[in-house]
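Chain nomenclature is as follows: A, B, C, D, E and F, assigned in order of appearance, with residue numbering initiated at 1 for each chain independently.
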Amino acid sequence: MKACKRLEIVIEKPLAKKVAAALIEAGAPGFTQIDQASGMGDRGRRHADDPTGSSTNCVFIVACETEQEVVKLVESIRPILTRTGGICLVSDAYWVRH
Amino acid sequence: MKACKRLEIVIEKPLAKKVAAALIEAGAPGFTQIDQASGMGDRGRRHADDPTGSSTNCVFIVACETEQEVVKLVESIRPILTRTGGICLVSDAYWVRH
Amino acid sequence: MKACKRLEIVIEKPLAKKVAAALIEAGAPGFTQIDQASGMGDRGRRHADDPTGSSTNCVFIVACETEQEVVKLVESIRPILTRTGGICLVSDAYWVRH
Amino acid sequence: MSDGLEYAPMAESLFLLNLTSPPLLFFILGASAALLKSDLEIPEQVAKLLSLYLLMAIGFKGGVALASTPFSAGMIGGLSLALALAAIVPVYTFFLLKRSMPIPEAAATAATYGSISAVTFVTATSYLDAIGIEWNGYLVAAMALMESPAIIIGLLLFRFYGEGQSKSINLPELLRDAFLNGSVFLILGSLLVGYVSGPTGKAQLSTFVEGLFTGVLCLFLLDMGIVAMRRISAIRRTAISPVALVSWALILPVINASLALTAVLVLNLPVGDALLITVLAASASYIAVPAAMRLALPEANPGVYLGMSLAVTFPFNLLIGIPLYHQIIELFS
Amino acid sequence: MSDGLEYAPMAESLFLLNLTSPPLLFFILGASAALLKSDLEIPEQVAKLLSLYLLMAIGFKGGVALASTPFSAGMIGGLSLALALAAIVPVYTFFLLKRSMPIPEAAATAATYGSISAVTFVTATSYLDAIGIEWNGYLVAAMALMESPAIIIGLLLFRFYGEGQSKSINLPELLRDAFLNGSVFLILGSLLVGYVSGPTGKAQLSTFVEGLFTGVLCLFLLDMGIVAMRRISAIRRTAISPVALVSWALILPVINASLALTAVLVLNLPVGDALLITVLAASASYIAVPAAMRLALPEANPGVYLGMSLAVTFPFNLLIGIPLYHQIIELFS
Amino acid sequence: MSDGLEYAPMAESLFLLNLTSPPLLFFILGASAALLKSDLEIPEQVAKLLSLYLLMAIGFKGGVALASTPFSAGMIGGLSLALALAAIVPVYTFFLLKRSMPIPEAAATAATYGSISAVTFVTATSYLDAIGIEWNGYLVAAMALMESPAIIIGLLLFRFYGEGQSKSINLPELLRDAFLNGSVFLILGSLLVGYVSGPTGKAQLSTFVEGLFTGVLCLFLLDMGIVAMRRISAIRRTAISPVALVSWALILPVINASLALTAVLVLNLPVGDALLITVLAASASYIAVPAAMRLALPEANPGVYLGMSLAVTFPFNLLIGIPLYHQIIELFS
């Protein structure tokens, strides 16, 4: 097990592609994306059930090794979050090598 | 980045509305809800595939700023969990301001 | 609230049953499984939208009480991860008793 | 004795006919898949689509039928009977069960059996259609109206006989949950749409609501077979003796059907209508009521009432109940 | 004055006919479910299937129709008019709105109203089919071609009049997003498939693309009713006065329809085609454009343009617009 | 030489006919969407519904057909041939591939090509139906029976020739996975339902299993087009030369089809049946086998076998294989 950082990003689905592209460009070692989330935030309730997909959220989980990597990833998606809302949490974890 | 608390609640889907309402009433700054989870616990295996929705779980993620807020939120949903099962985890995280 | 460990496993969907079985056999007190995730990793982009299910990931969340339990659970699924890819993160959390 | 002699073969042929109909066979197929632990499964959202379709189609067809039949005494009789059953069944069921299980479980099970199963009803209509027996559209309204009262009655019983948290039930919220429940709303709404748009509307929707109906029912019953069998293990895991639960799950539909049979025979309703009312009485909810019970009575273990209704009563009515009740009606009318 | 006298009853009957058609009734049912806070809901993937089906079926039918009609002057007139509308509407809409709301919102709303709503179009074709008025297949192509230009124009306007981040728009990427958008691609592609496979292909697909069509539209409109009503609260929460937003959402379709009506009457297009072009002009996008705007113009609050188009303009066109425009066309041609 | 002259135009027309059929055109449309990076996509649960429907409908229709045809020598010949192919193909395929790729990949690919693709089969039946050539219902049973043996054989080969972990394969569990696999179970079960309920059952389900069939196939192939093209990049990323993989993915169906063609011509089977058996031999699994391989042989890179079967062999059979094999059968019988 190796210490690592765990990023968790919630953003609306129409922007998921942009976030994925930004993460890849910033050199994320990988990520996991859960679509079809709903939620509540500054911009009110989002229901995840309209045919437009415009009220659906998605959750990204990114594990990365170093503090620097986190900073880089966070900076790559911060402009998207600033313009659109959503949240980004960072926490400590251990990565099980296999 | 600002230190924060991350709450994670797993509960059965029929009760999701109640949990969401309780969180909002207790003043949660927001939450994210992932439906369509399955699982295993004290009450056995839950498959998330029956037309009744009664065997489906859902996951709530709540980020909040202070210890007091956590306590308040936890107290607001504890009665629901006591009566029905499910789990509630609290961990430390950093909230990226944007 | 009681200190606990939180395991998070991302693995491809065809192997989900195997992971669930391994967790149960290793004595996990419970787990939550989110299907329908997509992602990116060493083996490239996975889209979660083919009829074969073979490009879909799923996320397991397991809360357990002690360090020994974590070790046991991790050892039970490590052979699966080694042979197939995916990730496993461990972090600290508090379990709200209800 | 000649009656009995004639009865036997007829019964056999009805049972056989029922068992060789595609919907029933797909139900059995699903049950076998679950028993043999095949990984066949119907995703939840797909099952949701199938059930939305069935509720919409049955509601719409009932509404169109209603629009083209004049109001009649039989109709008022049938509707009143349906509502009376919805009010009486949960009450005596509660008192019957009260000694075999804790109060919360007894109340929730009473609500479950006092309400109805839309899919059992739908399967019975498709059984009638297959053998060419007519039935009246107003029964769809009867079905929709029978869904909710049992929820209220079950909870009132719990409030009265239960202890501790029983006082925490919020009645106004409950009434809303019971009567604005998605499936009740969709059936009643579609009935109204069918009634308003009438034969013109039906002409536009005939392939959709009629051509597809049995096929979608087959797919849905395939799923119900899988789900019903999975529930059996949940019955085993409850604190109450599984033998008692299974016995009650076979006895209750028989009691409720007997009551309904007596009434429909006394009222001399047409065979098709009589069968459908009996099936409604004998069937137990496994969608609307369990969902409502989780919200209002979370201390009742759903393994009890959902297991009984889904894993035992539902298959019993589908495989044996429908042709049996039909047989009895034919015998006495 | 006799004209007016004759007009009134005819209008009434058209409105009534429209309001008693199953698709409209299901829309109203969905809206009522949301207003009464029933928990009726259509899962997202189901709604996706319904909309994929509708786009595919309308595209395919349009293509088959196109294959069997010779190119004509009317067709070229109609297509040119459609493209002209798609270019002009977003421009004047932007300038109309610029004073009532911030630039990003004005640009996004202009794009929304300059584009079209496929479901409004589809409902209009099913309205025409129900009353037996013919329409030409090329209008499906017109619809598909009208979806994207407004996106580009809206963003160019924002680039020119906006400040700050407005320079960050990536045009080539944007063009791709606009023209390879899933729904545009599926309509145009299905149109091509219908065109190539012609009547032989249609024979194979007739039950699917025609028999089911109205039924699937009903289910989809049920969902749209729910979603549209939910959006109303989003309108209330924006920084701009809700009265202004609702007013604009009623005025814009009327202005755009008037422009289109003048043109179709001048060009003397057949009634069915004239109505469809008017409906396209009057309708506002709530799928393709909002998705594109979230990507390219995230600073515009979607509560504004999506709320206006989904919660006000869409129901207005469905319930009042279609029969009203039809009425006016009949009156003047 | 006159034979050759007559052959050419006929072949052309068959290819053209195939290429202008809606299912094929929708496949091409999906592939184009993926190539042009349109965001058109079919959600996973929708694709699951479409494939459940196709398996159920083809199984049911096969069962009904089987119920109405007497057992015949040709049937026994056809079934035996099918099973023989299912046993032989994976064996020689493994030895052919063993030098071009590591043992695990070779074993998994052998299993993939020894098994069959239900959708290729279904497309071939819809091709035959469109040109009015009959085929026998028992071939649906043949298809279902051909799905699993290759899984077992592939894994036995791996056990024998592989190293290290190869011993860890759990045979009883494997047999269950292979034969109780959801899709095998659904086809065989629906076949049984069709057989038992016969023409009476078919009358109830005809709109569902026949009217909708081609339409649903179109939607499903649209999705398969998208998915197949996405897999191409996966081929590029494997450790093995992409040229070798693509070549094998074109050579293997041709070899397998040649073997089957020889046999069907020797056995003198009717044209329709001959074509379907050839298509079964030439097709490669991309649902059941890959899923089983991930479980039993996770060290084999799915980019290899799934890429080959989905991105190359599947389109090859659909676009070229079916009319080509048909052409050859017509030529020699």
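What we mean here is this: a residue touches a chain if its C-beta (ideal position, glycine included) is under 8 Å from a C-beta of that chain, and two chains touch if they have at least 3 such contacts.
Please read these numbers as outputs of a predicted model, since none were measured by experiment.
Engineer: What are the chains that chain B and chain E both touch?
Structural biologist: Common contact partners of chain B and chain E, which must touch each of the two, are A, D.
Engineer: Count the C-beta pairs in contact for C-F and for D-F, then report the pair with the higher count.
Structural biologist: Most contacts of the two pairs: D-F.
Engineer: Sort the other chains by how far their Cα centres are from that of chain B and give me the top one.
Structural biologist: Greatest centre separation from chain B goes to chain F.
Engineer: How big is the gap, in whole Å, between where the Cα atoms of chain A centre and where those of chain D centre?
Structural biologist: Here chain A and chain D have centroids separated by 45 Å.
Engineer: How many angstrom lie between the centres of chain E and chain F, each centre taken as the mean Cα position?
Structural biologist: 41
Engineer: Indicate the whole-number Å distance between the mean C-alpha point of chain B and the mean C-alpha point of chain C.
Structural biologist: Using C-alpha averages as centres, the distance is 19 Å.
Engineer: In chain B, what residues contact two or more other chains?
Structural biologist: 17, 34, 36, 48, 91-92
Engineer: Of all residues in chain E, which are in touch with two or more distinct other chains?
Structural biologist: 39, 41-45, 48-49, 207, 211-212
Engineer: Which pairs of chains touch each other?
Structural biologist: A-B, A-C, A-E, B-C, B-D, C-F, D-E, D-F, E-F
Engineer: Within the complex, which stretch of chain F touches chain E?
Structural biologist: 20-22, 25-26, 29, 32-33, 36-46, 49, 126, 130, 207, 211-212, 214-216, 218-219, 222
Engineer: Which part of chain B faces chain A closely enough to touch in the complex?
Structural biologist: Residue positions touching the partner: 1, 4, 6, 20, 23-24, 28-36, 61, 63, 91-96, 98.
Engineer: Could you pull out which chain B residues touch chain D in their complex?
Structural biologist: It is residues 12, 14-15, 17-18, 36, 43-44, 47-54, 56, 80, 83-84 of chain B that touch chain D.
Engineer: Going by the contact rule set out above, which residues of chain F touch chain C in the complex?
Structural biologist: Contact set of chain F toward chain C: 41-44, 47-48, 50-51, 165, 220, 223-224, 226-227, 230, 233-234, 237, 286-287, 290-291, 294-295, 298-299, 302-303, 306, 310.
Engineer: Which chain E residues qualify as touching chain F in the complex?
Structural biologist: Listed in rising order, the residues of chain E that touch chain F are 44-45, 48-49, 52-53, 56, 60, 176-177, 180-183, 185-186, 189-190, 192-193, 196-197, 200-201, 204-205, 207-209, 211-212.
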